[in-house]
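Shared chain: subunit A. Partners: subunit B in the first complex, subunit C in the second.
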Partner chain A sequence: MFYREAGQFKTDYRSDQQIFPITQDRVAVWAMAITAFTAVPYFATDYLIISILNPFLILAIAAIGLNILVGYCGQISLGTGAFMAIGAYAAYNFATHFPGLNLLVIFVLAGLTSALIGILFGIPSLRIKGFYLTVATLAAQFFFEWLFLRVKWFTNYSPSGSVVAPPLGIFGLPIATPHAKYFLVLGITVIVALIAANLTRGHIGRSWMAIRDMDIAAEIIGIRPMQAKLSAFAVSSFFVGIAGALWAFVFLGSWEPLAFDINRSFQLLFMIIIGGLGSILGSFVGAAFIMMLPIFLNQAPALFGIHLSTETVSHLEFMIFGVLIVFFLIAEPHGLARLWAIGKEKLRIWPFPH
Partner chain B sequence: MNRRKIALGTAALAAGLMALPAMAQNEQFIPVLSYRTGAYAPNGTPFANGMVDYYNMINERDGGINGVKLLVEECETGYATDRGVECYDRLKGKGPTGAAFFNPLSTGITFAVTDKAPIDKMPIITMGYGRSESADGSVFPWNFPLLGTYWSAADMAVQHVAAKSGGRAGLKDKKIFLVYHDSPYGKEPIALLENYAKLDGFQFTALPVAHPGTEQKSTWLQIRQQRPDWVLLWGWGIMNSTSIKEAAAVNYPRDKMIGVWWSGAEPDVIPAEAGAKGYNALTLQHGSGTFPVHNDIVKNVYDKNKGMGKKEEMGHVLYNRGMLNAALGVEAIRKAQSRYGNKPLTGEQVRWGLENLSVDATRIAAMGMDGMIQPVKISCADHEGARRARVHQWNGKAWDFVSGWYEADISRIGPMYKAAAAKYAADKKITPRDCSKES
Partner chain C sequence: MGFFLEVLIGGLLVGVLYSLVALGFVLIFKASGVFNFAQGAMVLLAALCLVRMIEWLPKWFGLDNPALVIVLAALISGVMMVGVAVIIERLVLRPLVNQEGIILFMATLGVAYFVEGAGQSIFGSNVYTLNLGIPKDPVFLFENLFEGGVLVNEFDIWSAIAAGILVVGLALFFQYTRTGRALRAVADDHQAAQSVGIPLNRIWVIVWTVAGIVALVAGAVWGSKLSVQFSIALLALKALPVLILGGFTSVPGAIIGGLIIGAGEKLSEVFIGPLVGGGIEIWFAYGLALVFLLFRPQGLFGEKIIERV
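Our next item is the complex of A and B:
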């Protein structure tokens, strides 16, 4: 009823090429952004911000990064954890060796380091595809886990191998409270999402998608596979690296390579598969599903006044979570974002489906 | 029809939310971070049982601490740092005054919450684990590595080797290997052992084992080839029993192995069956066995069908440790109540209780732990409180003590604590407290 684009005429290219061409979408997104920046920090408890929203936003950044590589360019990667680790350790080393550096500069440098290494590990993708490439990225995962565990220089010779983030602050303002951290993470998430949305809509994104859909055809119509693939690796690793630096600095505060092990790679891959490959919205939805649902399931019995033993609760958490993953994959193999798109389609023609 | 169903469902849900138990005001909230699932569950479960049973016993027997009931809530971490941090944030504000303290029960979680503790004013008790340098209370006011750090443990393990080699001089040119869990937990003792290798002239090699520790063939192959005189084991969970099995497989003498106190409990040796016979481990003061306090737990908790575990597993090493961990926390609350009154306390108040905690022989007897632990005295400068251990050996059925009490050599460890704490203070821009001015 309300979700209808009748009467919304596009009279110039500008309005035709907006990210959200439908007015209702635009209003909804603006409303969400304003809520996120004003109402949420006002009403949310510290627990909600520290343990739910911050990690969700950070993982959403990583999921966007991975989605660019896997969802848009079709290069399956299992090395996301490693690239997060590179971002985290690069940020740590920039922060310790250049103490006066602005935090945002540190994050960008961490992203660039990760992007550089991403390009390096993207080179095999020019020759190999599919499962073989997955294995090559798996090598990155194991190599960097090993590197940060073994080579003491990266951890500044910390005796336990665990490193501690320096006190955070931008332009002399300390970032210590949950709210300050939330604004930092939210700001970066919005910027990343905007960049990603615009990249994927433009000619770069189109070249990625052409490579994904059929690389030989793409080559024939004049897309250079090397540039397309390596740029996907670079952009993807850049975002993932920033997410890693945020995860380490803002969420954990102190970490070891185990925080970025292969399970993290799988977690992110599941996020984009369940959320929706090749969709920015899907990255957010998937991150919410994979990150928040287990925590909710863990607390749900107590919330409804049911008292179960701790073991039963965590076994239930695993079981229900698993069942839901299977259910959503059967209901819509293209992910939750696709479900949303179908819903939108239905809304647009409601109540006359034909 | 459908709409009605939805309306009914919503109403039921709202009613469920309303029915949440009303919060009693005279309760002290105590969080328990535990892991009853995952690779470390065999060790995490008895520890958590011991803790919860002790708190329940205090509630049932004494009606709480001086009339303040303990409100205990468990949170499953699965030994994962991010879930542990989530549990910490979820539970820190619960109850009328917030959590009394946290026992993170994982070195990784300890490292992560150490940064948060000063902001939340939350004491972190890491009994026998955690950051070694946090024994220096002037830099780490909120951390309490009670009863011993990994550096104390490594010091006492070397002392045991020295005692078996005819004194400190006998260490010269001995080959000592460390098989360790490749995480901050396992890496903690390395700095100290490298230092001691230089001081005492023994050869030291560290062999990492990747999480979760089921794959150790190549590690033990190296040990078979190089035949070290002693092997120190710094494992946790399934890694411990795997190490002992592999040692038996390459025929490395088990009585030349010394586990840290986290590698010396029943779940570590029982799976290795006969192969575990003769295996040694340090004890965090107590070993296995039952004491008067266990009778109180049986009478007040298990006889009322409120026990967490099995009655016959009560004297096990990790059960006892969980119980002792809970007991020291309760003593700290008691001490804090003596200053702030018999009411629920904040984390900050309990921190004062921890820092001024002194458990002497009469108090130990009153706690029903006579013969189980030695006196503990915490101060601003020393958050460890006691650094003594014995070595016990698995005889195939039970643990026997095979050494007297060792005490970690503070003249050697002290400077290392100071140096590491100073480095942490410099990194985090902390100004250490002046302990001579603390009351």
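Our next item is the complex of A and C:
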């Protein structure tokens, strides 16, 4: 009744090509953005920001990055953790070797480093396809895990192997409180989401999707597979690298390579598959779902007044997590974003069914 | 020379064990097109059941013949793996028929989480030593060929023999039984198999059962080599390069891939490892698989990929 585009005429190209062509969507997104920037930090406690909102936003950035590669370009990657690690260690090294560099510049440089290495590990994708490609990304995963553990130069010869992020600050303003960090992460998330949304609906995004749907057919209609695949690897690794740098600098503070092991890669893959392949919204929904689920499962027994040993709880967590994953895949293989799309269709014709 | 051979043979013997895990993957991929990440978890589950049954059976029923206990425990574990196969087919595969490969892959990841959690909450999550009564003494081979001979663990030889018997048995089963013929038909073409009256669902149960039995053998061997613990589930990651190197659809590929990876891994660790700081085993296997793939994108023995628009 309220959600329908009847009467919203597009009279110029600009209004026809907006990200959200329907007024109600635009209003909703603006309302959400304003809430996220004003009401949320005003009401949220430190705990909420530190352990839920910040990691959620950072993982959402990584999920967007991975979704570009897997969901839009169809190249399966199990090495996301490695590219997050590259971003984190690149940022650390830029920060230690060039003190005084602007934090945002450091993040962009970290993303670029990760993008370069992403292109390198994307080259096999020109010849190897499907599940066979996972070996290239897994090679990256295990190689970089080893590299950051064994080659001391990357950790600045720290004796314990773990490194500590420098104090954060932009333009002379320190970023120390959870709220300041939240604004930093939120700002970067918004920028990344905007860039990703615009890339995926433009020329380059179309060529990714053509490659995903059938690469030989795409090649025949004039899309260059090399450019398309490698640019997907580059853009994806760029975002994932930035997410890694944020994860290390803002969320962890001090870290070792184990923070970016293969389980991180699986976690991100779960996020985009549960959320929805080929959907920016899906990346956010999936990140929220996969992030909250273990927290909820952890708290649930206490909420119902049941006391279990930590060991039992961790096993139960594994089991319930597994069951829910399978359940969601069976219920909606196209992810939560598809549920939202169906709901929107229903809303448009509500209250009349036809 | 002797040292080189020793490392090589050690690597090959470890490679046989990798093949065992990879074999389970291949069987399932061939018959149902599912990239079954839960194979490692199934190995863990089978090994846990085996080791705990060997411990519990004497307590419950007062059995004191160790051979009988081991046989009974193996039987119980086998029955459990059949049950697991039936449940997975019913609850996971059947509702997900015709979905894309990546969705099925993620579903098996979910299964892996569940099996790991369930196995450890039922059978406990400590480290258990598994003793099947196989001697573990070091023996020297080729002593007449050159001085000192080659030092090999007797246990490794026995496990290689067990793996060999398993593979030959599987080959015979596939070649000469009615069910085996049906399995090969399904592997060739799902639709054609269905149209001549082969029930797909039953074939899937059988294939997952066979994979479960393979997991039991792999679990028994790995469990007595490294003792039964959670890290066995991570074997799936070790078997992946083997699988990719050999090709997803080829049983001989899994064997030869395992041998190449096992030998390459050990040789690199011993001869290149010290130069770069050690611990390169895990990524070296993937690197090796990647190099092979660049020349043969479908793996050494995989079916040639034909693409049509």
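Note that the second predicted complex is superposed on the first by the 333 of 354 C-alpha atoms of A that agree within 3 Å, B and C clash if a C-alpha of one lies under 4 Å from a C-alpha of the other, contacts with A are read in each partner's own complex, and residues count from 1 in each chain.
Criterion: a contact is a pair of C-beta atoms (placed from the backbone, for glycine too) under 8 Å apart; a residue touches a chain by one contact, two chains touch by 3 or more.
Remember, predicted model here, so these are calculated numbers, not experimental data.
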Original post:
Touch check for A:R26: first (subunit B), second (subunit C), both, or neither?
Top reply: neither
**OP:** Pick one for A:K10: touches subunit B only (first), subunit C only (second), both, or neither.
**Re:** neither
**OP:** Pick one for A:I295: touches subunit B only (first), subunit C only (second), both, or neither.
**Re:** first
**OP:** Pick one for A:R224: touches subunit B only (first), subunit C only (second), both, or neither.
**Re:** neither
Original post:
Can A:F143 be said to touch subunit B (first), subunit C (second), both, or neither?
Top reply: second
Subject >> Which superposed partner A:H315 touches (first subunit B, second subunit C, both, neither) >> reply: both
**OP:** Using the touch definition from the top, say if A:K346 reaches subunit B (first), subunit C (second), both or neither.
**Re:** neither
**OP:** Indicate the residue numbers of subunit A shared between its subunit B interface and its subunit C interface, in ascending order.
**Re:** 149, 311, 315, 318
Original post:
Tell me, which parts of subunit A touch subunit C in their complex?
Top reply: 70, 76, 124, 127-132, 134-136, 138-139, 142-143, 145-146, 149-151, 214, 216-217, 220, 262, 266, 269-270, 273, 277, 311-312, 315-319, 321-326, 329-330, 333
**OP:** Would you tell me which residues of subunit B are touching subunit A in their complex?
**Re:** 13, 16-17, 19-21, 34, 36-37, 45, 48, 74-76, 78, 81-82, 85-86, 89-90, 93, 107-108, 111-112, 114-116, 119, 131, 182-184, 187-188, 190-191, 208, 211, 420, 424, 427-429
Subject >> Residues on subunit C engaged by subunit A in the complex (per definition of touch) >> reply: 35, 91-92, 95-96, 99-103, 105-107, 109-118, 120-121, 125, 237, 240-241, 244, 248, 276-280, 282-283, 286-287, 289-290, 293-294, 297-299, 305, 307, 309
Original post:
What residues of subunit A sit close enough to touch subunit B in their complex?
Top reply: 45-47, 50-51, 55, 96, 149, 159-162, 164-167, 176, 251-256, 258-259, 261, 295, 298-299, 303-305, 310-311, 313-315, 318
